[in-house]
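For clarity, chains are labelled A, B, C and D in written order, and residue numbers in each chain start from 1.
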Amino acid sequence: MTIRVAVIGAGVMGADHARIIASDLPGAELRWICDADPARARSVADATGARHATQDPGAAIAADDVDAVLIASPDPTHADLVLACLRAGKPVLCEKPLAPSSAECLRVLQAESDLGRRLVQVGYMRRFDPPYVEMKARRAQPGLGAPIMMHNFHRNVSAPTHFTGQMAITNSAPHEFDIARFVLDTEYSAVSAFQPSGLAPGHGVGPVFMVLRTVAGQLVNIEINNNAGYGFDVRCELVCEHGAITLHAPSRTETHLHLGATTDYALDWRPHFAQAYRLQDLAWLRSIECGIPAGASVWDGYVSSCTAERAVEALQSGREVEIRYMERPAIYAAQPFG
Amino acid sequence: MTIRVAVIGAGVMGADHARIIASDLPGAELRWICDADPARARSVADATGARHATQDPGAAIAADDVDAVLIASPDPTHADLVLACLRAGKPVLCEKPLAPSSAECLRVLQAESDLGRRLVQVGYMRRFDPPYVEMKARRAQPGLGAPIMMHNFHRNVSAPTHFTGQMAITNSAPHEFDIARFVLDTEYSAVSAFQPSGLAPGHGVGPVFMVLRTVAGQLVNIEINNNAGYGFDVRCELVCEHGAITLHAPSRTETHLHLGATTDYALDWRPHFAQAYRLQDLAWLRSIECGIPAGASVWDGYVSSCTAERAVEALQSGREVEIRYMERPAIYAAQPFG
Amino acid sequence: MTIRVAVIGAGVMGADHARIIASDLPGAELRWICDADPARARSVADATGARHATQDPGAAIAADDVDAVLIASPDPTHADLVLACLRAGKPVLCEKPLAPSSAECLRVLQAESDLGRRLVQVGYMRRFDPPYVEMKARRAQPGLGAPIMMHNFHRNVSAPTHFTGQMAITNSAPHEFDIARFVLDTEYSAVSAFQPSGLAPGHGVGPVFMVLRTVAGQLVNIEINNNAGYGFDVRCELVCEHGAITLHAPSRTETHLHLGATTDYALDWRPHFAQAYRLQDLAWLRSIECGIPAGASVWDGYVSSCTAERAVEALQSGREVEIRYMERPAIYAAQPFG
Amino acid sequence: MTIRVAVIGAGVMGADHARIIASDLPGAELRWICDADPARARSVADATGARHATQDPGAAIAADDVDAVLIASPDPTHADLVLACLRAGKPVLCEKPLAPSSAECLRVLQAESDLGRRLVQVGYMRRFDPPYVEMKARRAQPGLGAPIMMHNFHRNVSAPTHFTGQMAITNSAPHEFDIARFVLDTEYSAVSAFQPSGLAPGHGVGPVFMVLRTVAGQLVNIEINNNAGYGFDVRCELVCEHGAITLHAPSRTETHLHLGATTDYALDWRPHFAQAYRLQDLAWLRSIECGIPAGASVWDGYVSSCTAERAVEALQSGREVEIRYMERPAIYAAQPFG
């Protein structure tokens, strides 16, 4: 069975997904590339061998030779495009976030819920990252006991100068919100947020540090550091009652030179999470083949957006903010995490 | 010049200090061992070659053949013993805490301030731990930029069953409060405290997680995990504007066996900080010889106690609590951190 | 373009290749599974969706719906099967070794040389292992200088009891012989071999340690330890004139438990080299599509066998043995390493 | 009991020992500094508070106020100075090597043997280095089995341009010869030696690689790389029948900057082995106090010199060379390794 795919959005993420689907996965055929910029659509189509390039996402979604849609267009367009896919009854993998606001997420949630079956996977690719998958599997290792705390560190080399603490929370933190829920199998109940002050003029936004509580009583601590400077770095530690599990940084070689032993950091997330993206897209194709949803759902997309909104509130108010979600619709009830 | 020392308190810490002074440091002679339990005093005196064993700390402090006093007796006795040393005009190294309450610390502060010169060193030995010393030295490395955040993790194998979150803060956290101030060269202005709930019955006290703000605007995050289970583990990361410095766990060998590569954790702080204790006691002797105070001062002891009291308040109230210290007396003004 | 593949040999390696080709690579279709044991052929065909299962390799090689052949049958059958593929003019990926003896390798070399173009890739998959690829790429890093020595360690959990030092050399060492040539871009000129004695009765074969010289004057040291006991472990260090590069063990998480921090070793080569096998098979498919050979050639297969034969001689004689290869045929002349 | 010490030789090593004895050890008093250069002797005496500076080693050895002698003068003077100490009946710690040739070592061996008791400790300080001590202690760990192979790597930043492979063996390798015997508790029976060729002009001497056999059948592999360029680096792995133990590089912090995570190497052996030197000198003082010899003996000094001579022969001849030692005199018979 070959799944014919349209990719909507031909920017950095879209081009990468197009490359993965066209040349690194079995059972897929890349048919359409859609972008607001026709030259960009054409260029990615040429590079990947996709037959059609278009500016019209509706045409791509509706096309007879498209079985499934991958959305990597600008965030504000996500919800409407996903809704169009749902109307067309076509499976869709939507890059995170599902939508910039929880209200928009709810529109999608309502639509999929009405449809009565899950067609949407949200691109929280860390759920397929081998180190996180191993961490989750080892949680059950005899002797460790239950998880009680999780430390998460997300660091980028630099962010655009207009970036703010609020954007750190709505843009970067959702990855952390999602993966911690995934590893812990639980939901959040409260969030506090802190930010250092006094950074050098011109430094750009400083780190945001959040402490979340889960309904199971755990603490989830998250550092979002978009101007960390030294490299793309994601760390994680799961602290259990009698032991702990730490994520290992991906590293292939060590260089011994000039009085130092050095391992490298990537410049951005792509080399760091290359395997995660490929395995995510592969799992998506397989989930379409076998009809069993995989990865993050619309519910997970909604939860991340909603959590981010409360975290922004916590940062602005300086107080711990309670988190409440709507009741989980039945079609997401049996959802296995992962 | 040989400094003749009395050690007051012959428990685990006192016996260790007695051994260091008697057989691992130049220029010192261990003369008196004092303990409420005469058999224990005698036993440590015999093991270390100290001439006198006594139950009476006043006698040891006043003795003609005692130049300096090391206090390692139970915490509630510290302040009065230090005050006795100040009255006798003898230099003293007092195990942390200086006193269980900031009010008592203030009594000592007042007395030493009245004396007009520093005679007291408080036993925050991490200031002499080579990894922390190196971290502080590297702070100034070109390119790193100013420190903006510090992550501190303090983990013990287990705590007595009666241990509470409040005790974690007053007992273990002062080491973290002190070392972060030392590395950052600043004071705290606020503290929040969190604790996971829902631990298995019988687990003992769960971790306390604190977020402190410094007057320079930095965030200092501290995990105190007295029932970590897996080993004695202290970690630290200093996050700067353009890079970071992490502390390395002390480790001498790695064993490859049974499908694993394993490095060991110590059971408690003694092997982990053995060098720090020796170097602290050595620095104390040298500071007596040359008359220039070293290590943590009474001011530092007061600050730790005061910070702990605010942190307990934060834990109990669930709110961020402002931290204010008294004005720093003149004799501590020029105090170099370190 | 879809390449239709026959896999000959349905043992551990063949089944793994069949799985990779059928479900983890784009542009391939697995058509035939051949094995001397018809039940085994059938079982792998069923698991992977291959259309045909057969006992007759000739039929699979000759089949109209087979574009390319992957040989993973027992070593002594390799040369004849490769020759049959050459006669059929079909590209072939042959598991290492190309043949158990250099004399047989020469038969294949002659045949492919007569054909005048390269159709055969030999399964030295480490050339596609990301850490080795990175090591080779970093060789040219400014400041390191030229490579002068290479340390290689190959460790398995255990070998069959009948295993001997000679078998360690002919069976396991070729991977090391090949990857060191690949990283260094040179050939060997001499080899010495050593083996510890006095192992506990019943331990199985002890390690073989070899020191090779290259024509460029470098030393290549190789430990083959087939009964290392603790895990599957491959290490490598490239020592250059002014620095060194070490390979990092693949590791995703670290577990902190029972007074130790532990990373895991795999039980065998499959998890360790999973990416290398996939990338090798992908490179093979792409090399067929574009007509440019990739990976190790028949020449490389011959060199490994020849080197192993001299190393066995060195082990038996206790002396350094000179290594001479036949002149490299023209079709391998322009061969880029890697 | 205070031991009054004379240090002979006020170069880098002598000055370092003088500093350790004067200000970092209990129970010692540094009295005499002797050097062929009177200004240098005076300068070190002034820096350490030694009472006397002299050019005459005989005067220092004979002085009434000298209980023990530490020899750190040029290698060719060692044997005669040690013999003078033996005649004076004074305990002596002699820097390695005991003498540049095994013949001279035998003169000392004969003299001490005639005396009938051990007065000489040879400065193989690695026997007191905590990582090696831990490695030796862990050898007996259940499950590891007997040691069968040991890999040793010795790397300096750079050597003088006149340095040769022979000098690498006689100068640096003795540390490795000694520590491997110490860890393994056995003697050598044969040695092979290799050297890469073709290094860039002006690079200086390239590494020497040796393979030694022990009488117990183990292999001991040693790389001596005096122009490693990148830093002072000593590595060691003990391979046992069912597992392995590796030495950990001493490292206190890690710096994350400019796309790399870096730990530092020292420029030379002093920071790396600072603890080893201090603990060695401390053990020497204690051995004098209690009358029980510690550390490496004259026998060990002889064995290292003798092994180095055979290794030079192996390097020159290109063949494996048998190693035979004289019969071990009775006073070294019961010598515990370590």
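By definition in this document, a residue touches a chain if its C-beta (ideal position, glycine included) is under 8 Å from a C-beta of that chain, and two chains touch if they have at least 3 such contacts.
This structure is a prediction, so every number in the text was calculated from the model and none was measured.
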{"item": "Set of chains whose contacts include both chain D and chain A", "value": "B, C"}
{"item": "Chain whose average C-alpha position is farthest from chain B's own", "value": "C"}
{"item": "Rounded Å distance between chain B and chain D, as computed from the means of their C-alpha atoms", "value": "37"}
{"item": "Chain C-chain D separation of Cα centroids, rounded to whole Å", "value": "43"}
{"item": "Length of the line joining the C-alpha centres of chain B and chain C, rounded to whole Å", "value": "57"}
{"item": "Where chain B touches two or more other chains, by residue", "value": "229-230, 242-244, 256-258, 263"}
{"item": "Chain D - residues contacting chain C, complex", "value": "145-146, 148-149, 151, 192, 194-200, 203, 206-207, 209, 211, 213, 216-219, 221, 223, 225, 227-230, 239, 241-244, 318-320"}
{"item": "Chain C partner contacts - residues on chain B that touch it in the complex", "value": "157, 229-231, 233, 249, 256-267"}
{"item": "Sites on chain D touched by chain B in the complex", "value": "22-28, 130-131, 134-135, 138, 141, 143-144, 242-248, 251-258, 263, 282"}
